[in-house]
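The following pair of complexes shares a single chain, chain A, combined with chain B in the former and chain C in the latter.
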Partner chain A sequence: MADFTGTTSLLEQRQGGLFRFILGELKPKGRILTPFNLISIPVILLGLVLIALRFAFGLGMATNLSQDFPWGIWIGFDVMTGVALAGGAYVLTFLVYILGIEKYRPIVRATILNGLLAYMFYAGCLLIDCGRPWNAFNPFIGNSFGVSSIMFLIAWHFMLYMVACLVEFAPTIAEWLGKERIRKLLSAMTLGAVIIGITLSTLHQSGLGALFLMAKGKLHPLWYTEFLPILFFVSSIFAGLSMVVFEGSISHKIFSNRLGPEQRSSHDGIVRGLAKICAGTMFVYLAMVALVFIHNQSWTYIGTPMGQWWLVEIIGFVLIPMMLFVRGYRHRSTLLMRIASAMALIGIILNRLNVSVIAFKWDAPVHYIPSWIEIEITLAIIFIEIWIFRWVVNRMPVLNNLSQPASNPNRQSGANNVAAKESV
Partner chain B sequence: MTVGAAGGSALVSGSVQGAQVAESEEFNAVLVDTTLCVGCRSCEEACAEAHGLPAPDVFDESVFENERTTTTEQWTVVNRYGGDESELFAKKQCMHCAQPACAAACLTKAMLKTEEGPVIWRAEKCMGCRYCMVSCPFDIPKFEFNSPVPTIQKCNQCWDRLQENEHPACVDNCPEGTLLFGKKRQLLEVARTRIAEDPLNYVHHIYGEREVGGTGVLYLASVPFEQLGFKTDLGNTAFPEYTKGFLYSVPFILLLWPAILLGMSKSRERNSGTDREEE
Partner chain C sequence: MDGLSFVDIFETKGIEYVLVLAFLVAFMLFIKFLNTTPRKVAAAAALQPHKEGFAIANDVYLAPGHSWVTVGSGGMISVGINEFLSRLVGKVDKVEIPVRGAEIKRGEPLFTLYQSGRKLVVPSPMTGTVSKVNSDLLSDTSHLEMLPDEWMLNLKPTALAWELSSLRVGRSASSWISNELERLRDFLASHYGQPSLAGETLYDGGLTTVGSLAQLEDEAWACLIHEFINPDQGQKCNNCGSE
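So, the complex of A and B:
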């Protein structure tokens, strides 16, 4: 058996030392000249060069930002949207670890990994966007606490949440390294990290909306409301879950060789459950939007171009995907639910971009349009994140976590895990 | 967790203190009587000289053709309004709000409302996030987009000169007496007196007395302020107030959420009667 020899060699490697094991894992697995690699490698390399140039010559060289538009898509898309779409991690850990819904356990590790990487990269975009990043440690040290700033809260919460995500993900790393004792120790910290993670997420997801409370008069009245924080929080729930559904449908194809039979059989049920939650939160969100709309008597704006654009966002990419989720759930159509999730994602991208870029100073004579460099660097960052995600998934027990309590009360040993992993 | 909770409680006490600073009117301010301004731009020249900015060509009348805003190299600009017979001029610069949105927005306290009155920017603190620019209702902070070591540029009411008991350069160099420096309370008295003594020549409103919670620059005018390029729809609420509700909710969520979540998790375990899976 070919896999058996593979297993022993790996075990020998492991006995030879952790360092050599990691070194071996660093080598690429699988084909290198795939279409994805051929596209992403040049984009990443060009992106890195452009990032270097941006630091050498300033933001003006790379971006179309101006005195009227201090924030562009690096904030509006990478940070605002990226963080909303990474909301799946806190919602799923809530479902699995707090409510104890075991059905979702097979996807919880992948979602946490996604959340961790999303925060590292998209929040990391803040550093590229910051004009004076060498002072970025100031909010964390000394006497420079701008405690009345929403941005202060977000900076701290991003940092703490990354730590929480790392703690949640750490048992997977320990399992990969075959350190059973450390894994147990780290696992004992999971519930605490989950609780802190959910609390932090509640606050910084809504905090991203609260950032624009002081943009009163600059943000179009259809989007500006004192309830922005609550709307951002509620929408982050279905944004995150839609991302889980959407991303899951892709990675199930790409990483199908890493899936155990349980993951395969449970997939449709998971999608169906998530679709139900999405539809529910979207209904709540729509109800809130409607209340704000009526309360602010915003119908006077509906006739304007911005009003119609608002309708596109709310009806086209919230109401319709909600109805598709319901329909997909009723007819057990995974395809329909996937389409719904994709549309919901577009809706979230539209909403976050509207608040931060498009409806921000909508009446300015010259409006901001992102430069090709801003888009290029954004793409490069997304590709780097996908590379790291792929690297981790191909090595660590992320998708094929065998230690599922519902079906496997007796946890399999590390060696068994390795055997299963190498039989790929 | 403790760190987070501490951060949260600090958040609230901080914002309360921020509000207290602003209530009084005993801080330095400038009164701009636009009825006296002749558009000589001496203030622009003096400002550039005091802060090492490029000297403007004050005899170039063409600058009045378009309404200008302040830039990274011009902390104050004079604009011309009205027709040919009735030329009116208004100076534009940082308003030095009593409760500045920019300072409330700043996560490193680089943008700071000093007790003396001026809102100043400190390079060694700023991380360049530009949230001050998003928040400022008057769009005053300007950022050097074309520099690898960018700074925020805006009027600091001649903070350095104030330390040496001198008045701001623009005030000292105004030949027409348009600008007056003093405590805001005193300047309000002056402004009210001028309106009372010459009610036909003045609009009965002091711009900046209450706008966005009161500003450190006050304006008098002979025509409605929107005709002089002023934003008149900003309201009288101080901008940091808009975030206060959210900031107040932070410590509650920070303390209540973990308790609720832990309770939910524990009660679920008890009901199901199984041990918690350590996964």
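So, the complex of A and C:
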């Protein structure tokens, strides 16, 4: 095993090898009985049992899905919303690796990790939602590719994008393990993975909207438009960045011991920069929505309950958060920008749920309402993702990629090497 | 001759063209609005104390004499003194600011602060003509307790891009101000045995104690001014290691 200086690894000498090091890292760090753990552990355990039961007894016992409503919150929330909220990864890697805006580098690893986990877990929900999950591999192995379906595009894109995210994040794992040569090799692949990742994201973020193009007549006219793919793509930009602001604000407090002084001091500036991009993108999104609204002469629906619900989404959770972003940016109020990001996230959740669940067959006599098992499994998946995110951040140089804690000199030197290299 | 015929703006997609053009204009105005920072906010943010030291806004430039510069619309610049200097000086008896129309060169006296018979001259960070003076600052005597975090005058610069490039901004400004705090602590501790004057939390990059300057003897005062504020003023320290 080679270390940063090309000799036997200090890691190996000190801790008796890679295997023992990883075993040591698997042990919990810090208190186990925290309020978050006490809430999340039962939810996760129950969720795992329910997932097992769902695969044993089928969708019928776990969901309120039917032939009329084949897609519920596992698609509407976990997949449609989760993928939109993971959009921060492709936007941020574009800013840092393509445009070279170094200001955002301190948060790029955490964002990629968030994107990777979101795709692995939320897109993994597709398997739970598939009536015959064993057929889910057909588009990949060539047993009836189904190339005429947008599902084919999305399936391949999800898989390829997860690989791209993994390649982007892999240098962090190699750095954690003290494998400098592998890290160098993987770092050399980062730019390629970023370019592929951005290309894939632009296509599948819009592809999720394109899925509903064939639902004309089933989707309420206020939400149905030929521009759905573009609206999904544009909204994924501010959705992803709002998630970065929101999640970053929480991480900033929870993982404050992992942050160096530079990361701490740069936090507000990063939030402000992201808020500006969010405000601009939301302005463009609103202009597109207005264009579609007028083009379709949709004002006839505004007087209906669905019309008022549409106004709640557009005014309450797009226009107002945009104004808050603008005010927060101009007045340098981080609090205001955080509130705006939370509201924008609610707006995206509403939008995706409206398109896929609420406004879908809105006029059906009996509408789909998710069962408690669907909600419980969704919560369990979110909690599992948070657990893994926390585990990784507490061990790997994710937040502290520019200044490692001094507990392990070997890894610290590696991190500094990276910092020096990446800043070039 | 045919009569007048009305064109259906929806059929011809005319409304879409109008909307797209309106969007382009609105988007430009939106970005312009987004990029303008209210003057009060800019001035306050320039010097806002932070629990880990001074938070320097990204669009605030710092000069070696501890004055700050922000660039407004039309290339007009606002100038003030930063909190490092403001806290260091504390209460002042009188402030002198050049009159409107005065032409100032970089490095020439810009603000003169009077305190207990001593005169501290802050050099100008830029060359230009004074276009506006903050009259509130001159008329309001409450500021004499401690100079406020506000712009003191506007300058119409003559070599904006060239001179701005020599000032510190962003990360460079943050790290410089941290170094200045550290240097001040060392200065007060090693040469005058009074590190407490630098501020209790200064080891962590905190703020200076208000009015430290007034407590120094004449020689130390002159040396500190020469070292930190104005190399043309004061005197070199005999026992200063950095000399």
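Observations
We adopt the following convention: the second predicted complex is superposed on the first by the 388 of 424 C-alpha atoms of A that agree within 3 Å, B and C clash if a C-alpha of one lies under 4 Å from a C-alpha of the other, contacts with A are read in each partner's own complex, and residues count from 1 in each chain.
Definition applied: a residue touches a chain if its C-beta (ideal position, glycine included) is under 8 Å from a C-beta of that chain, and two chains touch if they have at least 3 such contacts.
None of these values were measured; they are calculated from a predicted model.
For the composite obtained by overlaying on chain A, chain B and chain C can both be accommodated side by side without a clash. Computed from Cα centres after superposition, the angle at chain A between chain B and chain C reads 140 degrees (steps of 10). In the superposition on chain A, A:H295 contacts chain C only, with no contact to chain B.
Look at A:I196: by the touch rule set out above, it reaches chain B but stays clear of chain C.
When both complexes are overlaid on chain A, the residue A:G146 reaches chain B alone and has no touch with chain C. Measured by the number of chain A residues touched, the leading partner among chain B and chain C is B. Once the two complexes are laid over each other on the shared chain, residue contacts for A:S66 go to chain B alone; chain C is not touched. Looking at the shared chain after the overlay, A:V326 reaches chain C, while chain B stays out of its contact range. Look at A:G280: by the touch rule set out above, it reaches chain C but stays clear of chain B.
Superposition on the common chain places the nearest Cα atoms of chain B and chain C 16 Å from each other. Common to the chain B-facing and chain C-facing surfaces of chain A is no residue whatsoever. Here chain C touches chain A in the complex through residues 10, 15-16, 19-20, 23, 26-27, 30-31, 33-34, 36-38, 41, 45, 50, 52, 55, 57-58, 171, 174, 205, going by the rule given at the top. In the complex of the two chains, the chain A residues touching chain B come out as 55-61, 63, 65-68, 70-71, 94, 97-100, 105, 126, 129-133, 135-136, 138-139, 143-153, 155-157, 160, 171, 184, 187-188, 190-192, 194-196, 198-200, 202-203, 206-207, 210-218, 226, 229, 403, 405.
Here chain A touches chain C in the complex through residues 261-262, 264-266, 268-269, 272, 276, 279-280, 283-284, 287, 290-291, 294-295, 297, 326, 329-332, going by the rule given at the top.
Those residues of chain B that touch chain A in the complex are listed here as 1, 3-4, 7, 10-11, 13-15, 18, 69, 71, 101, 104-110, 124-131, 133-135, 137, 139, 142-150, 231, 233-235, 239-240, 242-243, 245-247, 250, 253-254, 257-258, 261-262, 264-265, 268-269, 272, 276-279.
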